[in-house]
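Letters are used for the chains, namely A, B, C and D, taken in the order the chains are written, and counting of residues starts over at 1 for each.
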Amino acid sequence: MHIQQMISSHPRLLGQTNETLVRCIEACYDCAQTCTACADACLGESHNKPLLQCIRLSLDCADICAVTGGIATRRTATNEDVMRGILEACIVACRACAEECGLHASHHEHCRICAEVCRTCERACQQLLAA
Amino acid sequence: MHIQQMISSHPRLLGQTNETLVRCIEACYDCAQTCTACADACLGESHNKPLLQCIRLSLDCADICAVTGGIATRRTATNEDVMRGILEACIVACRACAEECGLHASHHEHCRICAEVCRTCERACQQLLAA
Amino acid sequence: MHIQQMISSHPRLLGQTNETLVRCIEACYDCAQTCTACADACLGESHNKPLLQCIRLSLDCADICAVTGGIATRRTATNEDVMRGILEACIVACRACAEECGLHASHHEHCRICAEVCRTCERACQQLLAA
Amino acid sequence: MHIQQMISSHPRLLGQTNETLVRCIEACYDCAQTCTACADACLGESHNKPLLQCIRLSLDCADICAVTGGIATRRTATNEDVMRGILEACIVACRACAEECGLHASHHEHCRICAEVCRTCERACQQLLAA
């Protein structure tokens, strides 16, 4: 991805980059893609009933991460309350999805990876929120 | 829209409908569309510089409302923490966007309508959160 | 929804409204919501295996309709090739989803409604494409 | 991103990976993020009027790439017509956005990068379409 290059060429950031921000944006897009893949892989398992909660959480988490990544990407006229609100929602979704995926990690490699990616995204959002 | 009919035919809701939920979903999709239109109309104004904050907030609010409407639509294996988290983020975004659009309401009819639609969505999300 | 009011207050449309455009935008948002609901209702059915294709098509159709509705909403500096391209993709998705949902219409009311809403959206996109 | 790992753990792909598919998904998410950043950077420029077309195309291209990336990610019960339709729409959007951004590449580094990322995504979609 080209997150850092795009940030450093933004007219209002004067060449600054921000490692915490870059990592959060990257984690959000990664998590959006991974959760979309995990929901789909769970759906395709021969017994998907025990994975219903996992499918649902992955769909929700994918949607929230995609929006969070997009909002964090925008740097013109940012509203800090809105930024904080969506980061908090993203942290909740990533935590819930990581917990649920973690329950299936020993049976399904896609759930194991997804749990890990969700945890990374949760931490990246918390670090941006604290910054 | 067909929100109520879809809810009442959901296998897990047994014909129940839920007025507060239906109104919230409807308000979210309405607000997603209206904010997309307001960001675009502001961008197309001959002097868009005083509307930068309005464009940015409308883009963010549109994204958050769309995701909130989608998550509220899903009724299988709902995670209440995630639902609450995104409703809270949506309330913050709608409030901020309504305030900013309200500042331009006397000059731009699209901002006047958008402020009103955001207020309606904010209330609908609060009512669902309280339910 | 406030589609017509937002179009008639757009700075570049000078009070014009466009019935075909309004109907298409409305149909896209309706179809995005309905397909999201149908994918979720199918997932929640006690036997969802025969509905796998229906779930997948509804997820894809929901995503494409949401994007098409958003792009059709924007009226500043429209690129006609992009508009046509996404309308064509939307027509394909709505047709495929309507056909698949139609196969389950006698068993599942949500599939019957979804098939109908997809057909309406397919037609509304075709009419805008022809305009 | 974890695209390849998620594909190789998908229950229906039996450990296969598909380089063309992986590259296309990666290019779509990259392009969605980059176009979102370019629209926002253009909006934040002190003279954004000559960039109106660029802002609009970047918003549309971001939306279409995000949806295309999500649909290409799903591997359960894929409908080939829908896949082809959205890939074709994505090619049109990337080409149009690359051309427009290319016009501003010598003045704005964010447009230069965005044009390049759009070209990469256009090619990756064409290669998947041909496969």
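Assume a contact is a pair of C-beta atoms (placed from the backbone, for glycine too) under 8 Å apart; a residue touches a chain by one contact, two chains touch by 3 or more.
Keep in mind it's a predicted model, so treat the numbers as computed, not measured.
Undergrad: Counting C-beta pairs in contact, does A-D beat B-D or the other way around?
TA: Result of the comparison of A-D and B-D: A-D.
Undergrad: Could you classify the subunit A-subunit B contact as same or different, where same means more than half of all interface residue numbers appear on both copies?
TA: Shared-number fraction above one half, so same.
Undergrad: Roughly how far is subunit A from subunit D, going centre to centre by Cα mean, in whole Å?
TA: Centre-to-centre distance between subunit A and subunit D: 19 Å.
Undergrad: Whole-Å distance, subunit B centre to subunit D centre, using C-alpha means?
TA: A distance of 27 Å separates the two centres.
Undergrad: Which positions in subunit B touch two or more other chains at once?
TA: In subunit B, residues 40, 43-44, 52, 55-56, 66, 70, 74, 76-77 touch at least two other chains, as defined above.
Undergrad: What residues on subunit B touch subunit A, complex-wise?
TA: Touch residues, subunit B against subunit A: 52-53, 55-57, 59-61, 63-64, 66-67, 70-71, 74, 76-79, 81-82, 84-86, 88-89, 91-93, 96.
Undergrad: Residue numbers of subunit A touching subunit D in their complex, please.
TA: Per the touch definition, subunit A meets subunit D at residues 1-3, 5-7, 9-12, 25, 29-30, 32-34, 36-38, 40-41, 43-46, 62, 66, 69-70, 73-77, 108-110, 113-114, 117.
Undergrad: Going by the contact rule at the top, pick out the subunit C residues touching subunit A in the complex.
TA: 40, 43-44, 48, 52, 55-56
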